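There are structures below to look over.
Shared between the two complexes below is chain A, which pairs with chain B and chain C, respectively.
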Partner chain A sequence: MEPGLLVPAGRGGLRVFLRNRLNVLMAVRVTVIIVLVAACLLTPGFLSEPNIMALLTTVSFIGCVAVGMTLITISGNIMSFCLGATAGATAMVFVVALNWGGIGVGLVAALSLAALLNAAQGLVIGWVRANPIIVSIATLALIYGVAQMFAGSSAVYARPGTGYEIFKGKIVGVPIEFVVFLCVAALGHFILSYTRLGRNLYMIGSSFRAAEAAGLKTWRSIAGAYLWAGIFTGLAGILLAIRYNLGNMDFGLGYDYDAVAAVLVGGTAIGGGQGSVLRTVAGAMVIAIVQALLLLLGFRQEWQYLFTGVIVLAVIILHTSGERR
Partner chain B sequence: MPEVLSVERVSKSYSGITALREVSFSLGTGEIRAICGENGAGKSTFVKILMGITQPDSGSIRIAGSVRDVRRPRQAQELGLGFVAQELSLAPHLSILDNIWLGSAGIPLFHRRPQLRQRAQEALATLGMGDWDLDRPVGRLTIGQRQIVEIARLLARDARVLILDEPTATLSDTEIERILAVLKALKGQGRSVIYVSHRLGEVFELCDTVTVFRNGEHVATQPVGEITRERLIELMLGRPFDEMYPAVQAHPDAGNGIIVEGLTVPGVLQDFSMTAPRGKIVCVAGQIGSGATMVTRALAGLVPDAVGRVTLDGKPLRLGAVPHCVARSVFFLSEDRAAEGLFYMMTVLDNLVATRLGECARLGVLSWPDLRRIGARLAERGGVDRNRLGTPAINLSGGNQQKLLFGRTLERAQPGVLLMNEPTRGIDVGARAEIYRLMRELCELGYALIMTSSDLEEVVGMADVVVTMYRGRTVARYDRSRVAMSAILADITHPAAQAA
Partner chain C sequence: MVLKKFLRNDPHARPLLILAACIVLLAVADWGEGRFLSATTPFSMLQIFANGGMVALGLGLSMMIREFDLSVVGIFAATGCVAVLTGEANPWLGIGYALAIGLAAGVIQGVIIVRFALGSVGVTLGGLLIFVGVAYVLTESRTVPYENLPVALFVNRPLAGIFSLRSLICVVVFAAAAVVVGFTRVGRDLIAIGSDRRAAVIVGVNVNAFIIGVFAFSGFCAALSGALLSYSLASATPQGLSDVIVPAAAGAILGGVSLGGGTGRPLGIATGVLILAALRSGLNALGAPPFVNDIAMGAVLLTVAILDGPYLMRRLGRIAPRPRAGS
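Let's look at the complex of A and B:
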């Protein structure tokens, strides 16, 4: 925990306590956790096995993308809007390659595509210092255009018997998606904390000019961040394709947004230089739980979007207010 | 002198740490008061309380005789207090006129432009700048001129007490002269000034009285005529002051070093040549715009369009690529530590080992025990408390931040070359002496040091060789034995005699 997180509430009691921003943040976090836990326990059907399994799967899809997004955010490049499209495109390429050459070819082709697509953006952003959001939006349009050209708006279906079915199901009672997500999170955490690339990303995000002046090869690290973000997102795309036996650009819808929400709710600073994968995992849990609750309580999809929007706004306001003094 | 402002027994603490303890203070009409103290002495907290940016825990403030509870900056403005912060707060794309009235309390929704224009003009005229074009964007002014706009802004709001925090830190000498003249003129009009500064020369030249803070307490207030420079420094430090500039040892002149020939940056620097042998400190002196800081930046690889022949220990040094320079142990220490030096939110350890992750990595995977060991050693060598390795760099004082940046460059396989711009800007006297000592130690280790400084006293105190510059060209070169402040000042300010 950060030092000085809780200032003893002496004279003045609650008012003094609330004057410290860190205290307020902590109080909000605790309240949110209590409310969520209470809602989970009180909502009928939440603790049922099918719901828990569905929850674990949802959190995995969001989570894989969000871990990738965390690398981008920490490197000071805010966010990428094309991770959802990457997931969709990866799923389609995976299915096509799978039908053609089997599971091995499918995995290699899909992951290479996801990695290249994003690493290329990373190079443009790192080398030319192009605006990361604009680059990601351009790539988004590009991916959708190309997909439309080749597949129209239809889905591609996986041929049974190509070997991908072995990745369906559970390992020790846990959906395979969740196991993959845990591996992704562990790898993401390892990259950020124990590799040169990860430490460079924190420095670049903390101060790009200071990183340049210190002689870091900034473009290389930024491209690295995007490369890994692509790989993690690609895994999410492959998992989606395996689960639904098809590849479809619609898979991408909303995942970048959920991922951004997870990163922000976790408390990673949008300006870069601060944050962690563990925080993002927590954020992804919160987002997935809220979505599951809404679904169980009979709200339609639109409400999920609306709620995620409100949560992101609230987090931004909470984190920014008082920071600019 | 009637009292315009008085503060009684004001205290303030942040999260249990006392920043000010029972400070009393009073300021007369037409008085220029210096506030001196090391970083962390409570100067900025005191100013923030006066300006209503923070509220004191106890104590009271009287303005023009009546007790006031200043809760917001706008309230302070209405009570006749005006503040110029260390970092200028002007909007560069707006005109001088707009900047003068920006955020003013007395502007009606549909304001009457001619009247505001006239009052702005008057304020500038008071400062002797009545001929300025009010519609000029502030971004096109020099930093010194912007400082004057800041002061005019306070006058236009009829501030009776002007509070200036390190107003000259980023100015060149002629600009400083002008600001000091302006402040003296304001004193003549019966306005009072609170002048927070590390620069003791200005304190003695400008101020009537000086107040010293130390560890959040008021230590002394005396007329400047009754106090010596040494005594003032002792009051600030709380201990006797030994020599500020360390003695120059006989150098183990390792020969070699950096040789620069024909260094040119289009439009900024023309045909600059010099030799910086290992074991010596070369000072490039010049005002803002002279190209002095461009020399260090270009040598550090930070200027893409720099051309020229540079050799380090006989081997050519490529320009325009920082990683290449760092690999040759050529390091840059920026005058702008906040933007170009530190990773503020990261820990002291992260900052210290920033450029040497490669030494502790195998296939890109880091060994934290190794990093921590190196970090601890660097902290010790640089003079940063080892127990603070886990603290975010933002929590360190300016002096410790600079020592941290020095620490980053130490303990290399071969002695390095340090390129420093304003190495002691914003650093208090105590830490300053330590940094000078560190610089001399580095010389003995065979480092070559090249620095720029707008503090002439520092130039004369530290340099083994001084190169003076004006408008992108070298004016003259002096060895330590021939260095004189007057000659340097003449070189960097009156080019006409030299340039011909």
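Let's look at the complex of A and C:
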């Protein structure tokens, strides 16, 4: 029972209101949004076109990975440490295949690699219930090792005139990366909210044993979640390769942490079973806006990590206190 | 069959078996040319052991009580930078600051976890990001040199043939942890908390104090090894997140700690880290390119993760039914 309900309304209104955790959450959320909007409006240069374009582009790369991470988190598998490496590897494979056989081959090869890499992890995790964190750390080491074997530590450069340039530029004034991100978010939301896979993932995340008892083939859903996470991350890798005309393992550095930060700031529960893609999109936007504001206010780039960490910690304390696991 | 039973049923024997297998494999690969089985290998093995051993110990202890301290990676990087920046004139001061920060970080995170009843992955992820941020802010994203070269040399000077000051400190910390966990009530309480927290509360274990204590110890270990490594490299850099978390988690897991909690021993973790150190120094000695080490580490870790999968036997049983043993 909510403690607020025991007290007659009207007496000590504010204190009663604040005693309910959900009310506090809502109040904090509204305050944060108001403060952010005010800061955006008041900071000179924030609404300039270059800043908005840069903001939309950066949020797109992280956002695609974060949508994939959301599926993994909701399915109860906490996070994957190898999505960043997946993005880097996809970018390299995309560029190599692009140089060899053109844009079509590049897209197919890159996306199937990303999908396979992660679906294989999902299978291992779902089928023998291997620990998701350890499996992703092992895959991270494997990906970096194999990438170094083939490419050393250098980048591969895209040959001009292979047809990838059509994916540069803008659609009705919006960077193409952002359009792809919106599509990824819509697809992720559709999967989670309107398909059987999505409902199964929520169920597995909130109670694995109940899902087993209900007769779900849990390994199939978990593999599905990783498959889609791989595809979304692969798209981010391809976008990075197209933007910078090269593929490089460094692309993925830190994306895992940024992505899971976006997931958590959005309010998706780290333990699984709750959350949504829309929340993750909001989380990614909040982080990106705060980082852009910091840059405009003259903080060096290094402060971004620190502030992201503080935001993540604050959101986790606010959101999940009192409901351990 | 016997081998499989050995692999499955005795978590304390398995790390030793893997270590022996690694050494035999490397010796065979060396084929009597004396590159691996030489007098310098133990020294270089212990040096690598000292790089990330204590981080693995802290992480492993947190896994034993069914938590996961991600922040060790950030504390490791941040305290390394702090030690180099403040310990130029007086290295003790740098170490002191580093240890104080590590301890404080652990205590604060532990208190947050206990006080707000939060999961440790989320909280320590926040801690990780904050400390990585601290490292970047302090160093302004550069590699900071440590000009006090005598200290750097002193930390790495060979002692008694196979040790250096750095690896000796690491061995001593491991030995102390092994004695405390193995021979005092603390060890049994840790296992109890990891196996069944509610039962531990009921029998009167002060679970909250243990959680805070383990996170404090883990922060302390990360800070000590971060500071010592920066001194010995005579530089500190905020980068290299995955360079720390992969071997630390791998060492703990190889050492027989399970993420389900309730199993593991400091000596097991030491063996796990030694396995990785043997792999790396052996492959170096054989002149293998660096990526071989990554691939070998990933493959070993993946294999252990699959062998540890709680459903493995059930799945195998479905393919080839056989009488169930134990479970």
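The definition used in the following text is that the second predicted complex is superposed on the first by the 314 of 325 C-alpha atoms of A that agree within 3 Å, B and C clash if a C-alpha of one lies under 4 Å from a C-alpha of the other, contacts with A are read in each partner's own complex, and residues count from 1 in each chain.
In this text, a residue touches a chain if its C-beta (ideal position, glycine included) is under 8 Å from a C-beta of that chain, and two chains touch if they have at least 3 such contacts.
Model, not experiment: these values are computed from the prediction.
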{"item": "Touched partner set for A:Ser206, first chain B, second chain C, both or neither", "value": "first"}
{"item": "A:Gly215 touches, of chain B and chain C: first, second, both or neither?", "value": "first"}
{"item": "First (chain B), second (chain C), both or neither touched by A:Leu187", "value": "neither"}
{"item": "Which of chain B and chain C A:Val32 touches, first, second, both or neither", "value": "neither"}
{"item": "First, second, both or neither for A:Leu264, with chain B first and chain C second", "value": "second"}
{"item": "Contacts of A:Leu197 with chain B and chain C, given as first, second, both or neither", "value": "first"}
{"item": "Partner, of chain C and chain B, that touches more residues belonging to chain A", "value": "C"}
{"item": "Doubly contacted chain A residues - partners chain C and chain B", "value": "none"}
{"item": "Complex contact set, residues of chain C against chain A", "value": "68, 112, 116-119, 121-123, 125-134, 136-137, 140-141, 238, 241-242, 245-246, 249-250, 253, 259, 289-295, 297-299, 301-302, 304-306, 308-312, 315"}
{"item": "In the complex, chain A residues that touch chain B", "value": "4, 7-8, 20, 194-197, 199-200, 202-203, 206-207, 209-217, 269, 273-274"}
{"item": "Residue ranges of chain A in contact with chain C within the complex", "value": "78-79, 81, 124, 127-131, 133-135, 137-146, 148-149, 253-254, 257, 260-261, 264, 270-271, 300-310, 312-314, 316-317, 320-325"}
{"item": "Sites on chain B touched by chain A in the complex", "value": "15-16, 300-302, 322-323, 325-327, 332, 334, 339-346, 350, 354-355, 357-358, 361, 364-366, 368, 408"}
